[in-house]
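Two complexes follow with chain A in common, the first pairing it with chain B and the second with chain C.
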Partner chain A sequence: MNLRRTAAMSRKEFIQILRDPRSLVIAVFLPLIQILMLGYGARLDANHIPVYVFDQEGSQDSQALLKAFQASPYFDVVTTVNNYRALVRAIDSDQAKLGIVIPWNFSQRLDDAGRTSVQALLDGTDDNSAQLAEGYAQAVVQTYAGNMQLDWFARYGLAQQAASPLSVDYRTWFNEDLESKNFIIPGTVALVMALMGALLSSLTIAREWERGTMEQLIATPVTAMEIMVGKLGPYLVIGLADAALCAMFSVGWFGVPFRGGLGAFFITTTLFLIVILGIGYMISVATRNQLGASQYALLVTMLPTAMLSGFAFPIDQMPAPIRAITYVVYSRYYVSALKRIFLSSAGLGDLVPEIVAMSIYAVVIGVFATRAFRKSLQ
Partner chain B sequence: MNRAPSIVVDKLLKRFGAFIAVNQVSFQVHAGEIFGLLGPNGSGKSTTIRMLCGLLTPTSGSATVVGFDVAHQAEETRQHIGYMSQKFSLYDDLTAIENLQFFGGLYGVKGRLLDERIAWAMKMSGLAGSEQLLTGELSGGWKQRLALGCAVLHRPQVLFLDEPTAGVDPLSRRQFWELIHQMSREGVTILVTTHYMDEAEYCNRLALIDAGQIVAMGAPSEIKQTAIRGDLLLIECSPLGGGLAAVKQAPGVIDASVFGAALHVVVSAGRQPVTELPAFLAAHDVRVGRIEPISPSLEDAFVSLTGGRALGADSSR
Partner chain C sequence: MYDRIWRMIIKEFLQLRRDKHARFILVVPPILQMLIYGYAATFEVNRVEIAVIDFDHSQESRDLLSRFTFTGRFEVAKILSNEDELKSLIGRSDIPMALKIEPGFAELLLKGQTAHLQVIVDGTNSNTALIAVGYVNQIANQFAQDYALNRLNQVMPAMAVSVPQIDLEQRPWYNPDLNSQWFFVPGVIGSITLILVVNLTAFAIVREREIGTLEQVMVTPIRPFELILGKTIPFFIVGLADVVLVAVVGTLWFQVPFRGNLLVLLLGVVLFLLSTLGVGLLISTLSSTQQQAFASGFFFVNPAFILSGFAFPITSMPKAMQMITYLDPLRYFLIILRGTFLKGVGFDVLWPQMLALAILTSVLLLVSVARFRKSID
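The block that comes next holds the complex of A and B.
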């Protein structure tokens, strides 16, 4: 490989990127837009769940329970209705995600039997939100019940027994607040790299064919290897710059922690970009058509990265056959590395399995890519 | 001048599926010679030139360019040749200088030499002073001279030009051919394809190519003399179609075809058709305006050699 020719190729490619508004948008604005959209949009936690209440009793006890709901940041008690049908209508018309029915004998049963119950109606169209709402509602009710028990003990002078004999103190590591943005945003870096890398690299060879510049290019002594390295080099540099930009945005704007090593971050990103750029390049060679190439490239890079990498949908929760497939999805190793670099303080040594897997992909794709393009008009 | 052949083509054949684009073509081009491939579109000119530049692999036969086998030593060949493809194929979104720098880099021209060659190319193409214009903003003649500049930046021994003046105004074409002649004087071997007669006249030697085969080869004057077996007459008459049909029946007429608004008629040498033909045509209700002997052009030669097909026609059948 002749460095002078490779450098001439890279320089030309850089100039073309700078003069092509479309490439510039893909390289600079798309990553920002994507990380903003996903940072704000792709949240899995539920806040301010709208709640309708049908309080059949209206006693001091039932009002106390409703206050507990009102005090929770997860719920907004929108309104109180006075019949069951109105409650059902509110859920049907999507005004309420949770309906709470307090029975007419709520406090009476509490006094008589020492135990009572309330009904919760959940909108299950979004099962994730419904499950979260159920969990939060149970927590509210349990806290309320616990407080009541303490009151009762206190009233009857049983203060010593007020504390439970055994309790669990939870402490979550790596994502202390269990915020889904901390779980999702590191993975979006992979999505940005896949989108940007695949789109740009899929245009490289196809553009030369479409604009008719390929014939002149392959009549020069430049080799296929120099064309590939010279063309993809600038995109690797742009990709790394975009990754750094995304990381800064994640930390500075969204407050996601970044606890791992920068070396680990850039090495895994480089390996991932080599795979993505190699795939885009091969598609570009095969299609010779910019539009077709960019669509194929998105299909084979973005789609698996979004669905099967564990970016938003945890791999552990997938059915076994799908889980097996994810092992061949190269992005899973990068997403896994990213999450650990951002959230736990993973350095290179902690990421050996991921780095080995990604290196194998980079080498295999690299070998195929160097053989993909032949300097011939046929 | 070194008269060793720089290009040797031996029974070169290119098949695309069932179609034979180039059929057993053989010729040699000497160093410093301007050699033309003249033929209609689809006759195999571009395919031949692409095989010689290593862009297409020959189906059979062989060719060497400055001693390198084009099929097996394509990369070595490319270092010594310049190629200008049929379609303009520089980068429109680069400036003239950037295009020159790019191709200079690919050909390994560096340092002071590169600066000198770029300055020469800018002056040659008339672009000095327009360094910052994007190539896409240049007019046809400028683009074409810039493309030539990019193709010869590394001072190749052999230059391949595929229809170099297509879509370029006449003044630019003349300037372009002056540059080609200058390079030829400096010892560069030039192989050029064209379907323009006037351009073919600029070549030292020509091969007339039709349907993938060479039908005649030699200096333009030789080809014109040998291709026409007789004397050539120009006849203006009306109706033209009726005249053509009638004149073919006339005694002593070997061949006749329509050229523009008149007929070109080949008659046996030594006869006196100028006096006989008007009467013959009048008898067939054809009114003759003008009749005079003319010297044959390459077009006449081509039509005569291909049995009536004109250069403007598509010979791909």
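The block that comes next holds the complex of A and C.
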């Protein structure tokens, strides 16, 4: 590999990028839009769940319970309806995610039998939101019931029996307030990198093939290796700059903590970019067609990074065969490294398994990418 | 006129048939995406691995801990004997949750005081952690209730029966087992259609422009409007075929119910396809190279995807973001998809979505057609 020729290749590529203002827009705005969209849009916290209430009893007790729902930050009691049909309709038409029905004999059963019930009708379409709403509703009702029990014990002079036998103390590590933004945003850096790499490398090279300028390049004395390194080098630099931009935005704008080492961040990012760029390069060498290259690249870089890396969907909840596949998905290691670098102050030493796995990938992909091109030259 | 449009359509189909990449893109990625989403996209929380440290070794502590495995939500992966192990396990993110019971747990219970269960949670995945915490609360609550009643029962059995209790009876509708697949599979139909149709339309036009064949088409007697129809009708048909393919594979493979009216769904599909064609056309007027088309497409498709409510609920977004979602055609289509598949609701419930989608589609088509005519004049 001749350094001078490689540098010349890189310079040509850089000039080409700079001349096309759109490429610059892609390089700067795409990551920004991406991180803003995901930072604001990709939230899983269930707050302000719209609630419709059907209070069949309308007693003091039932009203007190409803007040407890109103006071909860997780629920917005939108309105009270006075028939079941209206409640059904509200859930059917997405106006309400939770419908609370207090039966007509709510306090009567409490007085007679000591035990009464409330109905929570949930829109189960979105199973995750439903599950969260269920947990919060349960907490509201149990807290209310607990207070009622305290009163009851006091009224019957059983105060010594009133102490709750068990309390749960939580210690939450790494994402202390359990905010979904801290969970999602670190992984978006991987998504942005996957997208940029696939987009830039696969399209620019496929374009040279489509336009026939690749033959001109081949006719010059540059070797296959030099073409690859020279072409991908600028994108690696852009990718690293974008990663830094994303990280700054995550921390400065969204307030995500960054507790780990910068060295670990840039080393893992470089390894990831090498793999992504290498894959994009191979695809464009193989397809020589921009539409094909872009769609294949999305399929092998974006899709696994979004779906199988643990970015949003927890790997341990996937069926066993899919879990096995995730070990082959290189993004898995990068996303796991990113989350630990941002949230749990992981340094290089803590990330040895991830770094080893990604290094193996980088070498293998690098070798294959050079080979792929050599073949197509013949 | 019909003859010219017809020939144009035949030309497009011939081109699609000869392009092996396009053929592949139309069939393989949609099915692959459907399968991956169906299997991997889940926010469910089952068999959470936990580590336990029991410093009390009493019957009471064992009773409490055994309740965790009994629910099936948790799986005791490690039984530890000292705190350092616990710290390193959680620190390395090897295990998402640990339970700790201090010595003297049973003694406090017996004295009628409050005993403590310490739960150490890795909050990195906030969603899993939140749901798991919900389960822990339920288990702990049940344990406390049982213990308190038992205690009262021994002192004064007559009173124990009348301790006030409230049960929350939960009825998740439409998806009683809260199965993630039922949520994601209808959504995938929408997202795949969006990505595929926008990209295909934009690329097809820009490519002709890039290669220079668009000019050749323009010197033929075809009129701009006929050209637009000739270019979009094939992608409409292809998009429709893909919707059917993905919907059939998704519902049969993952056994997602279809409870609504096919005609209502079809109306939604047609409106949505038209809006994606409008977007594709619009992007083609904004781009002179395929790379630009791809990037512009992404600037639209990606936000449209994230803001649609496909995976992330719209109600959880900041208010300003929620406003933007009203401009997203996929938002309305997803409500129509889930409404017809899971809720089984009809036009009487879905008409606002249909209306919004129709308005959005008309505006998109008007703007893009106007721009397209200008760009080829």
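One rule holds for everything that comes next: the second predicted complex is superposed on the first by the 360 of 378 C-alpha atoms of A that agree within 3 Å, B and C clash if a C-alpha of one lies under 4 Å from a C-alpha of the other, contacts with A are read in each partner's own complex, and residues count from 1 in each chain.
Criterion: a residue touches a chain if its C-beta (ideal position, glycine included) is under 8 Å from a C-beta of that chain, and two chains touch if they have at least 3 such contacts.
Bear in mind that the values here come from a model prediction, so they are computed numbers and not experimental data.
J.: Will chain C clash with chain B on chain A after the two structures are superposed, or do they fit?
T.: Aligned on chain A, chain C fits beside chain B.
J.: Per the contact definition in the header, classify A:221: touching chain B only (first), chain C only (second), both, or neither.
T.: In the superposed model, A:221 contacts chain B only, not chain C.
J.: Applying the document's definition of touch, where does A:9 land relative to chain B and chain C: first, second, both, or neither?
T.: First partner only.
J.: Once the two complexes are aligned on chain A, which partner has more residues of chain A within touching range, chain B or chain C?
T.: After superposing on chain A, more of chain A is contacted by C.
J.: I'd like to know which partner A:60 touches here: chain B for first, chain C for second, both or neither.
T.: Touch status of A:60: no partner.
J.: A:47 contacts which: chain B (first), chain C (second), both, neither?
T.: So A:47 only meets chain C here.
J.: For the superposed model, what is the least distance in angstrom between any CA atom of chain B and any CA atom of chain C?
T.: Taking the overlay as described at the top, chain B lies 14 Å from chain C at its nearest C-alpha.
J.: Could you pull out which residues of chain A sit against chain B in one structure and against chain C in the other?
T.: The answer is that chain A has no such residue.
J.: Which residues of chain C touch chain A in their complex?
T.: 19, 21-22, 24-25, 29, 32-33, 36-37, 39-47, 49, 64, 90-93, 109, 112-131, 133-138, 140-141, 143-144, 147-148, 151-152, 155, 159, 161-176, 178-180, 182-183, 199, 203, 207, 289-292, 294-295, 298-299, 302-303, 306-307, 311-313, 315-318, 321, 335, 338-339, 342-343, 345, 349, 352
J.: Quick one: in the complex, what on chain A touches chain C?
T.: Touch residues, chain A against chain C: 22-23, 25-26, 29-30, 33-34, 37-38, 40-50, 65, 89, 91-94, 97, 110, 113-132, 134-139, 141-142, 144-145, 148-149, 152, 156, 158, 160-161, 163-180, 182-183, 195, 199, 203-204, 207, 287, 289-292, 294-296, 299, 303, 307-308, 312-314, 316-319, 322, 336, 339-340, 343-344, 350.
J.: So in the complex, which bits of chain A are touching chain B?
T.: These residues of chain A touch chain B: 2, 4-5, 7-9, 11-12, 15-16, 19-20, 211-223, 375-378.
J.: Would you tell me which residues of chain B are touching chain A in their complex?
T.: 50, 53-57, 74-75, 78-79, 81, 83-85, 87-94, 98, 101-108, 110, 134, 147, 150
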